[in-house]
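A single structure is presented below for examination.
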Amino acid sequence: MKLITAYIQPEKLNDVKQELYKAEIHKMSVTNALGCGQQKGYHESYRGVDMEVNLLKKLRIEIAVNEEFVKKTIDAIVAGARTGNIGDGKIFVTSLDECYRIRTGETGKDAIG
Amino acid sequence: MKLITAYIQPEKLNDVKQELYKAEIHKMSVTNALGCGQQKGYHESYRGVDMEVNLLKKLRIEIAVNEEFVKKTIDAIVAGARTGNIGDGKIFVTSLDECYRIRTGETGKDAIG
Amino acid sequence: MKLITAYIQPEKLNDVKQELYKAEIHKMSVTNALGCGQQKGYHESYRGVDMEVNLLKKLRIEIAVNEEFVKKTIDAIVAGARTGNIGDGKIFVTSLDECYRIRTGETGKDAIG
Amino acid sequence: MLGLLTVAFPVAGWCGDEAAAAVDTVAAAATEEAAPTPLEAAKTELQNNINIVFTCVAAFLVFFMQAGFAAVEAGFTRAKNACNIIMKNVMDFSIGTIAWWVIGFAIMFGAGNSYFGGGSHIAASDYADGSSLNWTFWIFQCVFAGTAATIVSGAMAGRTKFTSYLAYSAVICGFIYPISGHWSWGGLFSAGEGFSAGWLWDAGFLDFAGSTVVHSCGGWLALAGAITLGPRIGKYGPNGESKAIPGHNIPLASLGVFILWFGWFGFNPGSQTAGVVEIGYIAMTTNLAAAAGAIGAMIMAWIKFGKPDTSMTLNGVLAGLVAITAGCNCVSPTGAVIIGFAAGILVVLAVEFIDKVLKIDDPVGAVSVHGVCGAFGTLALCFFQNAPAEDYSAMSQLMVQLQGAGTMFIWAFGCGMILFNLIKYTIGLRCSRDEEIRGLDIGEHGNEAYAGFQIFISQ
Amino acid sequence: MLGLLTVAFPVAGWCGDEAAAAVDTVAAAATEEAAPTPLEAAKTELQNNINIVFTCVAAFLVFFMQAGFAAVEAGFTRAKNACNIIMKNVMDFSIGTIAWWVIGFAIMFGAGNSYFGGGSHIAASDYADGSSLNWTFWIFQCVFAGTAATIVSGAMAGRTKFTSYLAYSAVICGFIYPISGHWSWGGLFSAGEGFSAGWLWDAGFLDFAGSTVVHSCGGWLALAGAITLGPRIGKYGPNGESKAIPGHNIPLASLGVFILWFGWFGFNPGSQTAGVVEIGYIAMTTNLAAAAGAIGAMIMAWIKFGKPDTSMTLNGVLAGLVAITAGCNCVSPTGAVIIGFAAGILVVLAVEFIDKVLKIDDPVGAVSVHGVCGAFGTLALCFFQNAPAEDYSAMSQLMVQLQGAGTMFIWAFGCGMILFNLIKYTIGLRCSRDEEIRGLDIGEHGNEAYAGFQIFISQ
Amino acid sequence: MLGLLTVAFPVAGWCGDEAAAAVDTVAAAATEEAAPTPLEAAKTELQNNINIVFTCVAAFLVFFMQAGFAAVEAGFTRAKNACNIIMKNVMDFSIGTIAWWVIGFAIMFGAGNSYFGGGSHIAASDYADGSSLNWTFWIFQCVFAGTAATIVSGAMAGRTKFTSYLAYSAVICGFIYPISGHWSWGGLFSAGEGFSAGWLWDAGFLDFAGSTVVHSCGGWLALAGAITLGPRIGKYGPNGESKAIPGHNIPLASLGVFILWFGWFGFNPGSQTAGVVEIGYIAMTTNLAAAAGAIGAMIMAWIKFGKPDTSMTLNGVLAGLVAITAGCNCVSPTGAVIIGFAAGILVVLAVEFIDKVLKIDDPVGAVSVHGVCGAFGTLALCFFQNAPAEDYSAMSQLMVQLQGAGTMFIWAFGCGMILFNLIKYTIGLRCSRDEEIRGLDIGEHGNEAYAGFQIFISQ
């Protein structure tokens, strides 16, 4: 089992969700995040004082999947989130040792879906 | 060492906290999240236009523990969060390679508690 | 590749960012979090009813790095975040199996930077 | 005509017995009135226009208090119920206005006996020639009725079914408030034969701008509502200990309190319904009491809880305002300060008592502010008369005031218990558990108050 | 002089033909006027001061509606555009005030013929001796012009270039509004020779406080703006289906609606520009219509969408207020309730129709509230006259009203299409795609409305 | 009596020498006064009631400015200090009201010499027969004192100990403001023998509604406070470079600015303390200056920072209003536009200068808006007189104005430095570092302003 964590542009969430649905991945968790990377920030100013904003608004998506779904999931995220512009985001994959469904007590592969 | 990540219903936080205290687990971090899974969303409408809300409010709890605490922790979360209804949430367990306490520089098992 | 997750005091973000820049680590993602640990909470009261607040405001930083950067990153975070007071925070390190850059499709070491 | 006016509205009525005499005088004035000289006629006409201008503006200010109530109540409760609170505030005034127009005004000021009006003025149909103040009086009284109605929503916040709340609104503005209002204020407006002052007015009951008539009425109804509903989920722990459920937007609530303070300058001076020298005096006592109320509540909260609590201090302002309302025209400036200060202290104690001892969940403190401080102010005015008549006796006035305040408690609380229980066992008073947990905004309205904002909801 | 005053401002003008007669009477009055007796002179002077006081206060209330518009529009749109909406509301009034001072007032009330003023009063230079109401009239009309201007910003929210919006503001307050305003209201202010009432006034067109003159004017301009701009990104799906883009702060919007309701008590009764008995009547009809509008919209939304929608109910209040504006002085109380209720229903249907059928993106419903309900109210008053003249014919009045409302549609919508397209093809009307996605606050102003708050922006 | 009234309050005093003459005239009028005819008596009485109505309403509007200040200051600072700012605004007015009642009013308007009053009217005890305006005058002046007091809180936001702030509030309303106020305005209210106009009034100093007396007073006190406190943690970087600490709620701040603009229609026209034709004129100049101020600040910010900054534009509105306050009754419309526009430009420069050059941390710009623009407006009025007397000399008036504005700077800044340093070295002026970092809401009040909202606090 893998845990897939992706940072994407906020306005791409709907597209990503749709691609995931197409790939029959229906479960995920989303968090608000701020990111900095290659994407240039922008300047705000407040009362005449300049501020460089380099923590940009991003969304963090977390999806736990069984091995056979890893590629499908990553492809779906890329399909939904890619614009080709700097700032499109990253996908991180880590190993998931165990997974429990709180409601039923199921574990492992059964619990993920 | 393991990193335990749980998604629970927001209103269950206090119960989970209490169960964790009973199990003598006093450390955790909590984030706001939105989740979708088997739980059905609901409909909002705004000015006559229907919107299906399928990202539901959840809380994400992260707890780093030593091996001997893993089961206790998971049991405590389940005890606090289970209602038996769809949407109770998931628990994910990953391996933690290392842990540092910023204040003291301690590492590993000592740093976790 | 490692995924470094740190919880720090919110007001230390700028210092941590600066130390990371000095160490030439320019990428990270930040989330709002609440934490409880050894640090004592404080009391709020509302309309005469006391509330103990033991989930304190923290920031969660996530940085994916190649092995050779792990120590530098941790040192930088510690340098920026340590005050010596309880509540300075924790750093967790997990293994990263894979990393993708959405924009280009690059993977692994190339994708991280 | 000016005679009629200045008598029928207790201009500078420092003391009680004038009130009792008023209705007779009106009758007398009607017969005495000889042909006025051109100067007198002109003066009457102009003064009447001055009165209309001031009373109209005051009515607008009182209307604006609706915004204040909405903001205070929304700010002091949770984000997930904010749309619902707002809808309640918009709708209680809207439905209340219509109920007032159809029947409420008729019951309060129409022809009738000293217990009940209703013999004329239904739907404002035969109203036009009633008085020189005319329609201005109607709108001024309409916004007063709306104030009584809106007080309740705060105490019932976060768990009431919306349809039930709508039903309640119509009944209070159409019946409960105007009936008891007639007893104290029915004599303010007389169109001659067939009209009668209320029995409390006749008894010499003093309540210039409505500490009892408006605020206690709303406050005791709120008490009945909060009791019938029961507390919000999570408000009391397993051992009955009170838990804090903090309000989500204190800046909004404070804006609401400032709006209410502002509106009270219409409520109290406007109750003079005349543009005369007394309105400045009333504005002064009103302001002194509000300021003293804030100070009293802040100090009391500081002593009891260790820190100067914001929401208690804001309640203190309102407590001072409610308490001075009955006597704003007749107490001395020093009296106003004392009444306000005491009300500020009282509201802190009352909130604690109701919350921790009675274990009644009143999210915004409506019962303490409007019920308790309203009754307190009604009684307190006896001891701080600015210029009492020679034969004035504080104790005998106190008896009358006790009678008035007590009657209101029995009437409003009683009606409230009957009404809310009726609703409870017919259409149902409380929303479902799930709806309450998710928030009434989504459950009742399918809306969200702060779309996009990340809000931590663990309660 | 008092004669002039009470005639020139249609005091209690229940019906239409008085209006037509007014200008002649003014002329007549000017010649007839013999030396007034000292009593008459004193009375005139005092009544004039009463009028000034009331009209000034009313002007202040109407000014305060700017705050209401800003809050409603900000609350009903997304957080990322909140600074921009606010800047638009501040600047349209500011630029509008200056444009009004330089040329607008002159065009609307200056010397001229029945189609166009402008022959005097530029920059208030030669204005001082114009009328007994004098400067009070100027400020009252200034805030009216500001109201017409600010209506548009809501319909164009979230995608308009800021500079273009500034340009638009100057044109509407300097030209579009005063020209059409002159047709209906030019005759309100006459300094004698060389001045002329407008042709719609002469035709007997009734629009007491501006359902058509102010609100429809703004509403149809808003329609032109929304059409020319096109919808916000993401408002319509690939198949043209409408998507909801929820407002970010409903409590703020509701505060705005209460402020507008409050301000309307300046707008409608203030249009009497006199402190007389009628202002109370107008306040009553205004309040009844607003309440009925809320009820109508709530019921309609409940029926159509299954739940009582908050933002629609708030729109219902405004719909009732806009609709009663034209006839607030002349319809019966029952008429006011009916007009308000119908407007509440109408606004829900109009919002749906414009959004789902015409597919025009009007984020706050400005076209439905001000355009549609303004026109509706202008026509509806024909059928609910409180005390019509003997020879009054609703149908013939309806023809006149149709002429007035229709003319306004052609004028305002036409001017709007020309103006906005001119801007579109010169300085550009719409901001860039990137700017729109990130939000106008950062793009246009480099500011953030809620610094520090975590806001989920997936739209 | 009417004579007394119209002289004692500078009705239409376009120019300075009338003021100097006023006190003598009052004395003269008192002796001359023969028995008035019935008509004269009636006219005096009615006009007096008109004045009371208008002045009361104006006082209510000025009171409402407290809500505006609270909203502006809360919105322009960080969320973690919002409860604290609100408590300061509620309490400075509350404590200020009581201090004003006890001693402030007596010092400013009681019997005394031209430097100091205080010989009567303590706690409003012997006040009743003072003047025909009576209590209305008291409440109007009370809310003015509250305005001066509340200005300071914004400049000291985010780091001041709450108890210290309470102490300060009592001193300013009880002593600092009334003493200097007596110099310019003591002559507004004379009860005959033993009363004396202030020396600045005698010198012909013109400050109709308080650019200097109220706003500069507050502004220079704010300067002293901000200097004594030092900047907020994180406001200046290691090399002294200024950092932005963005306000957390710009929509709230903008609502505050609209409320202030609205309230200023009480502040300026109300200073006429009479319901006469001039109030419309004053409303017009006030509005023109506010609008021009917004435009001036927006343009200047656009030029200097590349984009039209929202908070600067909002400050521009206030700058225009503060600047016109001194001369609102005597400058020409064009003059009002110029003064407002210049103040808008000036405020942007002043904010930058104070922030970046002087390195004084004034979170909301109170010093620039009230201090700098108040002084500017006081001087500027010399050059834009609408109808100057034949022998009027702008330069000699300027000398008087410089004397008045300069005196106020020395007085208010001096008193402020003494007072704040006294507090600093006794009870302490600044809260602890930890408290400041966590936010004063939790530290001082144990409250949270936005419970549940996720707020990113890295500053």
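We call the chains A, B, C, D, E and F, going by the order they appear; numbering starts again at 1 in every chain.
Just so we're on the same page, a contact is a pair of C-beta atoms (placed from the backbone, for glycine too) under 8 Å apart; a residue touches a chain by one contact, two chains touch by 3 or more.
No experiment lies behind these values; they were computed from the predicted model shown.
*Asks:* Subunit E and subunit D are one sequence twice: same or different residues at the contact, by the over-half rule?
*Replies:* Both copies, subunit D as well as subunit E, present different residues to each other, with under half of the numbers appearing on both sides.
*Asks:* Could you let me know which interface, A-F or C-F, is made of more C-beta pairs in contact?
*Replies:* By the number of C-beta pairs in contact, the winner is A-F.
*Asks:* Report, in whole Å, the distance between the mean C-alpha point of subunit A and the mean C-alpha point of subunit E.
*Replies:* Inter-chain centre distance comes to 48 Å.
*Asks:* Could you give the separation in Å between the centres of subunit E and subunit F, each centre being the mean of its C-alpha atoms?
*Replies:* 33
*Asks:* Please tell me the distance, in whole Å, between the geometric centres of subunit C and subunit D computed from their C-alpha atoms.
*Replies:* 53
*Asks:* How many angstrom lie between the centres of subunit A and subunit B, each centre taken as the mean Cα position?
*Replies:* Here subunit A and subunit B have centroids separated by 18 Å.
*Asks:* Where in subunit C do residues touch two or more other chains at once?
*Replies:* 31-32, 34, 44-46, 94-95
*Asks:* Residues of subunit E that touch two or more other chains: which are they?
*Replies:* 39, 42, 46, 50, 53, 57, 246-247, 249, 255, 305-307, 309, 311, 446-448, 451, 453-457
*Asks:* All pairs of touching chains, please: list them by chain label.
*Replies:* A-B, A-C, A-E, A-F, B-C, B-D, B-E, C-D, C-F, D-E, D-F, E-F
*Asks:* Which positions of subunit C touch subunit B when the two form their complex?
*Replies:* 2, 5-8, 31-38, 55, 58, 60, 74, 77-78, 81-95
*Asks:* Which bits of subunit E are touching subunit B when the two form their complex?
*Replies:* So the residues of subunit E touching subunit B come out as 242-247, 301, 304-307, 309, 311-312, 315, 348, 351-352, 355-356, 365, 454, 456.
*Asks:* Along subunit E, where are the residues that touch subunit F in the complex?
*Replies:* 38-39, 42, 45-46, 48-50, 52-53, 55-57, 59-60, 63-64, 66-67, 70-71, 74-75, 82-83, 86-87, 89-91, 93-98, 101, 123-124, 132-139, 142-143, 162, 249, 252, 255, 441, 444-454
*Asks:* For a test of understanding, state which residues of subunit A touch subunit F in their complex under the given definition.
*Replies:* Those in contact with subunit F are residues 32, 34, 44-51.
*Asks:* How about subunit C: which of its residues touch subunit A in the complex?
*Replies:* These residues of subunit C touch subunit A: 3, 26-32, 62, 64, 94-103, 105, 111.
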